[in-house]
Structure formats: C-alpha cells, structure tokens
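Each of the two complexes below includes subunit A, the first together with subunit B, the second together with subunit C.
Moving on, here comes the complex of A and B:
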C-alpha cells in the first residue's frame, strides 16, 4: 500500500516528466508522439479527479442537509442542479440540445454575472489601495495617476503625459516585472525538479 | 537536437549541478540564512487572531492551472494547517481544480498528524468548488466571517474578489503569486505578500533541509549569472557586437 501511495506516483511522475522534457530538447519523433499521448492522458486523469471532487461536494452538501443547517436549502439546490446537469449530460452528451440550452441560458449568464462583480470589487480595491498610508502607497498612487493622465481629455490638456506614462511602463515597470519573472521562473524550475526526481513528496503525504 | 534550445539545456544542466552542490554544501556546513518573510509572520498573526476571535481562516490557490506554484503553496499550506491544528482553529480550503483535492487533503492531514490532532481535522473543510470557485469563495468568506485570508498559487482576477470580500471583516490577508499581472492588486490589498520566488524561499525558511536550501540557492546563483550576462549583453549590443546574443539563441 505504501508503494502504491508514495513510491509509484514518484516513478510515474519521473518517467512522464522525463519524456515530456526530453522531447522539448531532442528531435526524436517517437518521443514526440509519446509526449502528445501523455498530455492526452492528462485530461483523462483530470476527469477521475473530477469524480473525487464531485464526491467531496456531495459529501459536504449532504452533511448540511442531514444536520438541517441554515444553508440546507441552498445545499439541496446545489445537489439537485448537479444531478440534473449530470443526467442531461449523460443522456445527450454535452453537445445535446437541452444540455446546450441549460449551459447557454443558465450557466453562462450566472457565470458572467459573477465575473461582472469584479468591477465593483476593483473599485473598492482601488479606493483602499489609493489611500496614502505609507511611502509604498504614495508611489502606487503617483504611478496610477501618471498612467491615467495618458488617456482621453487629460492627454489633450497635457501632451507630455502619454510620454511620461510610456516611460513608467517601459522602464521601471518592465524592469521590476522581468526581475520577478526571471526569479520566479528559476524557482519554479527548482521546485518542479524536486518533485520530478522525488526529493519532495509533501503533496503525497510524505516529507522529503 | 531541436533548434534554439542548446543554451537552455546547458542552463538546465548547470542548474541541476548547482542544486546538488548547494544541497551538499548545506548538508556539510548547515549554514543557511534568508531574510525573515513578513508573510510567514502575518500568517501566524492571522491564525493567532482567528483563535482569539473563535473564527476560521480561509485558504485558496486561485483558479490558475496546476503548475509549480501549487507545489510552493502546499508547503505554506502545511505550515498554516499545522498552526491551525496547534491552536484548534478551523482552516477552510477552497479549491477550483479537482486534481488538487486529494493532494490538499494529504497536506492538511499530514499537518494535523504532526501536531497530534488528527481527530480535530474536518475533511469537509477541504472544499472543491470547480467552476463556481469565485462566488463560493466569496460566500464562504462572508458566511464564516473569516479572521484570516490566505491565497497562494497561480492567481488571476479572483484575488481581487477574495481581498475585498475578506477586507469587509478586517481579516489579515497574505497572498503570493508569480503571476505578475496580479502582483499590484495583491500588493495594494494585502497585509503581506510573497512575490514570485519568495514563495519558494519561504518554504526553505520554514524547514531548511538540504533539498529545499539547494532549490533556493541554485536559482539565486543562476540569476546572478543572468544579471551579469544581461549587463554584458546590453553593453555588447550597444557597441554593435551581437556575438553573445547569437550564442544564447542557438
């Protein structure tokens, strides 16, 4: 059991990662085909994981209904919707007319509404961020004002503003962002390497 | 060999060699120092405050695809879960990707086992939300009125939703990501942040093992070489010499 839970995932990770990485560097057609196939398997594995996730959702909401929690009604709605979508999807596949209708006219508007709330959250976030509490917030405020001055009526009254904004964007911002990207990318390589060769097994419930 | 990847392969080989050498040096000397990360102190403060208030803390990885940022997040989650187990404080984890659920359960369970509190772990607090992660996360934060809000991983616009939802309850917030498009938002809204590589370095600071120290020192050394190469390359190109540029593009 320990082998299946801790050692086998490390072996599978190493072999899979080796094939994917090697085909990036070396021009071996057979490996490229194998790598493409492995990437397709990734979708199948994610589907298995999705089943686990659905199990978790059912367990959570069923528990709430069973103990008659104040949100039991919402939990019941979630489970009924889940079962309904699942039944229609299994009967017609995701390309079926009823499934498409449910997706296009129920799910998408709800998802778009949820996404649209970001506007209000960004507004309140901007208000909190632009209150000058310290020197960092002051720099942020000045940079934001400079960026805003480059658009619309401000640019007409202050022709130099777009040039200042472009300088802020191209020089200090790019320099800072590239430093973060290079440092972050190399650290990502380090972390991935630890996992690929099995030196880090925290996500499998083990240590190093 | 494929075109244009020779130098990349060389960098990878150098990286791996540096990694092992750094890990071995640490194994022999035991010397490692990194500056204190405010994010770790704020995490402890948030969990301590949540304990005093009798409220939970909330954790999310964001909605980005599974990448190495999640691996750094697992280490920090283990730290947060360990503190929550120690102080008997609820930790609610919101998850968008199904494949992360079993890994998260293992990480949280391991933290509770290490604190000898496995019976206190509530498996239903590791919650998979899938595509409805964002509204579910906002709902969870609002209903539970969390005292601490942590978000580490591949973050997108959901970080703003999380920050603003938790700010209504004056939660202490710590976030971290390598996604540069979200850094200004989390820097503006959070009490402490981990910027890019800091997430990985923080993991080494928590538990300085040879492997973790190696994976912090190797990127540092390679970055230093890159900085020198960038300065030399910029000077050479300015003077009309593209030898270094051509060499790197091979």
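Moving on, here comes the complex of A and C:
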C-alpha cells in the first residue's frame, strides 16, 4: 500500500515526463507517437479536472450552508445556479437554445460586469492608495502617467506623448519583463525537475 | 490648507459618480478625439495583409467573458481582416468560456462573406481542455486531437479537414488570448508558423519581450489596439467608440492621483512642521 501511495505516483510522473521530454532529443517515430498519445491523455485528464473542480465547489459551498455561515445564502445561490446550468447543459449540450440563451443573456453579461467593478477599485486606489512616498514610487507613478498619456485627448494636445509612452513600453518595461520571464522559466525548469525526480511531492499530498 | 485637506478627503462616492458620468457621456455624445495609430498596430496589420488567399490560418479565440470588452472588438476586427484576405480559417478554442465568441465570429464570417462556405474554407473546432497541453497536442498530432467540430459534425465530413495534414501546413497562428504565453511556447515549435497575438492591456508587458525578440510577427494590445485595428481595417466599431470614454477615464485617474498626492504631501509637510515646532518647544 505504501508503494502505491508514495512510490508509484513518483514512478508514473518520471516515466511520463521522460517520454515527453525525450521526444525532443531522439528522432524515433514510435516514440513521438507514444508522446502524442500521452498528450492526448493529458487533455482528457484536464477535462476530468474540470469535473473535479465542480466537486470542490460543491464541497466548499455545501459546508458553508451546513455550518450556516454568514455567506450561506450566496453559497446556496451558487449551488442552485450550478445545478441549473449543469442540468440544462447535460440535457441540451452547449448547442441547445436554452443553454445558449442562459449563456448569452445571463452568464456573459454578469461575467463582464463583475470585471467592470474594477473601474471603481481603480478610482478609489488612484485617489487614496497611489501615494508617492519615495523615489521608486515616483518613478512608477510617472511611468504609469506617461503610459496613460498615449491616447485620445493627450495625443491631440501633446503629439510627443505616444512616442514617450512607446519608449517606456519598448525599453524599461520590456527589459524588466524579460528578466521576469527568464527568471520564471528557470524557476519552472528547476521546479519541474524536482517534481520529475520525486523531490517535490506537494502534488501527492505531502511535502518534500 | 483647509481646502487642501478637504480636497484630499473627498467622499469616494462622489469620485465614483464623476467617473460614471465621464464614462457614459462620451458614449452618448461622442467627442471624436483623435486616435494615433501606433507602429505596432500597423506592423500587425501588415502581417495579416501579407497573407495570400488560400493560406491556412489558425484563429484561436481564448479569452473569458470577463475580457469581452477588450477582446471582442479585437476578434471582430481581426476576423474581418482574415476573411477579407480569403485565407482558409481553422478556429480553435482552449478556454472554457470562449466558445460562444468562436460561434459568433464563425457565423459573422459566413453571413458577411459569401465566398466562405463552412467546411470548405472555414472550420470551428470545439473547446479542448488542458491549456498548454492542448496546444502541445495540436503541435504533436493535430488531426488526432479532434473527432467532432464545434457544431457536432464529424471532422472527417469536412473537406478542409481532409486537406490538412498537420500543424506544419499552417502559415500563421492568430491568437486572441487574455492570458500570456502558454499558447506561444508550444506553437513556436512548429517550423515556419508565424505567430500573431492580440491580448488584454494587463498581459501586454508579459508578451512584450516575446514580440521584441521576433517570436511574434504581430501584436495588438487591449481596447486601444482593437480601436487602431478597427480603423486600419476600415470598420470603426465598439473599441473606437469607447476610446473617448477611455481618454476621459485616464484624465480623471491622473487628476485623482495628482489631487491625492498634493493632499498627501501637504498634510505630510504640515505634520512635519508641527512636529518640529513641538520639538523646539521641548514638548514630548
């Protein structure tokens, strides 16, 4: 049992990763076919992971309802909506008229509107939180203002503004992000190696 | 000083009201502010303009409904441009909430461009889970990944599907995504495939190094990019109309930042002076 719980998942991870990675170093058609098949299995697993996500949501919100938490009403609304969409989707698939109506006239507007509330957060933050407390904050603020000056009313009265904004984007911003992307990629390689060889077991429910 | 303190302590609901009025007014009575077209947008336009009729193009629509305001205008403008070039389009979708945008764009192209016949020069494929793994599957074995199209038709019944051997047959991948580079890593492995991206404003800085390195041949950003592209394509639409609103919003945000900081610095200076006076008097 210990082997199945602790050692087998590590072996499966190592073998699967080795097959996928090795296809880039060995030009063997059968190996590439096997790797492509594994990637297709990955797509199927990802689809099941969505279903697992549904289970997680149900567990979380049902717990809140059972505990009569202060947000139990919102949890109930979430679960009822989930059940309703699921029932319609299973009955009609995503091509059904009712499902499309719900999607187009309830889900899409609600999702877009919920993101639009950031409009108010930004307003409040601009006034209350964006304080220039030191030189770094000043540089950040000036850069942000320069980026905002590149369109519309500013470009009409200040033709050089778009060029300055383009310089800020092309040079310092890109330089910083290049470092972040490279650092992130190196970190990803290191962490992936740890997962492949079994040093990292967080995905198995344990630590190192 | 009393006035500065008042200005730096305005009820935030008043600010919300000012912003709402500033956002709505230009939509009702357009101001018509100029929109300079950036070199980046022109280069992106030129990249698609260089496509020849019959070229195979992937058209990926991968954004969630929360990003509709920025990305749907991009989708419309780019979709019209691709259709005008007469390329063969294979639409993909790797984000759960985006299939309706794919369906709508497909229907718009079929309705407005009579030369497009579904299955012959345009196909829409269904949502595929897995994000980067799904793109990796497209690269490794594109034809093995799909058995049905978005409408539920067997892909084998579509003439265009039978003409395609794999991802390497494609000339360009046009990806409209609200997330950064998880699509680019796999697709850049296809030899000769040009990568073109439209993304949200918040994802632009992540993609900037990839565009500058030449890994992407075209790149438009957010609603400004959509508005620029609409003008280049000759179909000003939602994004162009929203530019006045965005300008007014930027003006007010800059004003609020300046007001808030004037108040903050004035109050800070006032408190420093008061502290110095107390120290001079010997108060604890």
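One rule holds for everything that comes next: the second predicted complex is superposed on the first by the 152 of 208 C-alpha atoms of A that agree within 3 Å, B and C clash if a C-alpha of one lies under 4 Å from a C-alpha of the other, contacts with A are read in each partner's own complex, and residues count from 1 in each chain.
Keep this in mind: contacts are C-beta pairs under 8 Å (C-beta built on N, C-alpha and C of every residue); 3 or more make two chains touch, one makes a residue touch a chain.
The model shown is predicted, which means the values in this text are computed figures rather than measured ones.
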- prompt: Taking the superposition as given, does A:4 touch the first partner, subunit B, the second, subunit C, both, or neither?
  reply: neither
Message: Touch test for A:111: subunit B only (first), subunit C only (second), both, or neither?
response: both
Task: Answer with first, second, both or neither: which of subunit B and subunit C does A:46 touch in the superposed model?
output: both
Message: Between subunit B and subunit C, whom does A:27 touch in the aligned arrangement: first, second, both, or neither?
response: first
Message: Just to be sure I read the superposition right, which of the two partners does A:195 touch: subunit B = first, subunit C = second, or both, or neither?
response: first
- request: Pick one for A:170: touches subunit B only (first), subunit C only (second), both, or neither.
  value: second
Message: With both complexes overlaid on chain A, does A:128 touch subunit B (first), subunit C (second), both or neither?
response: both
Query: First (subunit B), second (subunit C), both or neither: which does A:148 touch?
result: second
Task: Please indicate which partner A:119 is in contact with in the superposed arrangement: first for subunit B, second for subunit C, both, or neither.
output: second
Message: Identify the residues of subunit A that lie in both the subunit B contact region and the subunit C contact region.
response: 45-46, 49-50, 111, 114-115, 122, 124, 128, 177, 180-181
Message: If we count contacts the way the header does, which residues on subunit A are in touch with subunit C in the complex?
response: 32, 35-36, 39-40, 42-47, 49-50, 93-95, 100, 103-104, 107-108, 111-112, 114-116, 119-120, 122-124, 126-128, 130-132, 141, 145, 148-156, 159, 162, 166, 169-170, 173-174, 176-178, 180-181
Query: What part of subunit B is in contact with subunit A in the complex they form?
result: 1-2, 5, 8-9, 12, 15-16, 19, 67-69, 71-72, 74-75, 78, 95, 97-99, 101-103, 106-107, 109-110, 123-124, 126-132, 134-135, 143, 157, 160-161, 163-165, 167, 178, 180, 183-185, 187-189, 195-197, 199-201, 209, 211-212, 214-216, 218-219, 222-223, 226
- line: In the complex, subunit A touches subunit B at residues 24-27, 45-46, 49-54, 56-57, 59-60, 63, 71, 111, 114-115, 117-118, 121-122, 124-125, 128-129, 136-137, 140, 177, 180-195, 199-200, 202-206, 208
Message: Show me the residue ranges of subunit C that touch subunit A in the complex, using the header's touch definition.
response: 10, 12, 15-16, 19, 23, 33-36, 38-40, 64-69, 96-97, 99-100, 128-131, 133-134, 136-137, 140-141, 144-145, 151-152, 181, 204-206, 208-210, 212, 224, 243-244, 246-254, 256-257, 259-261, 264-265
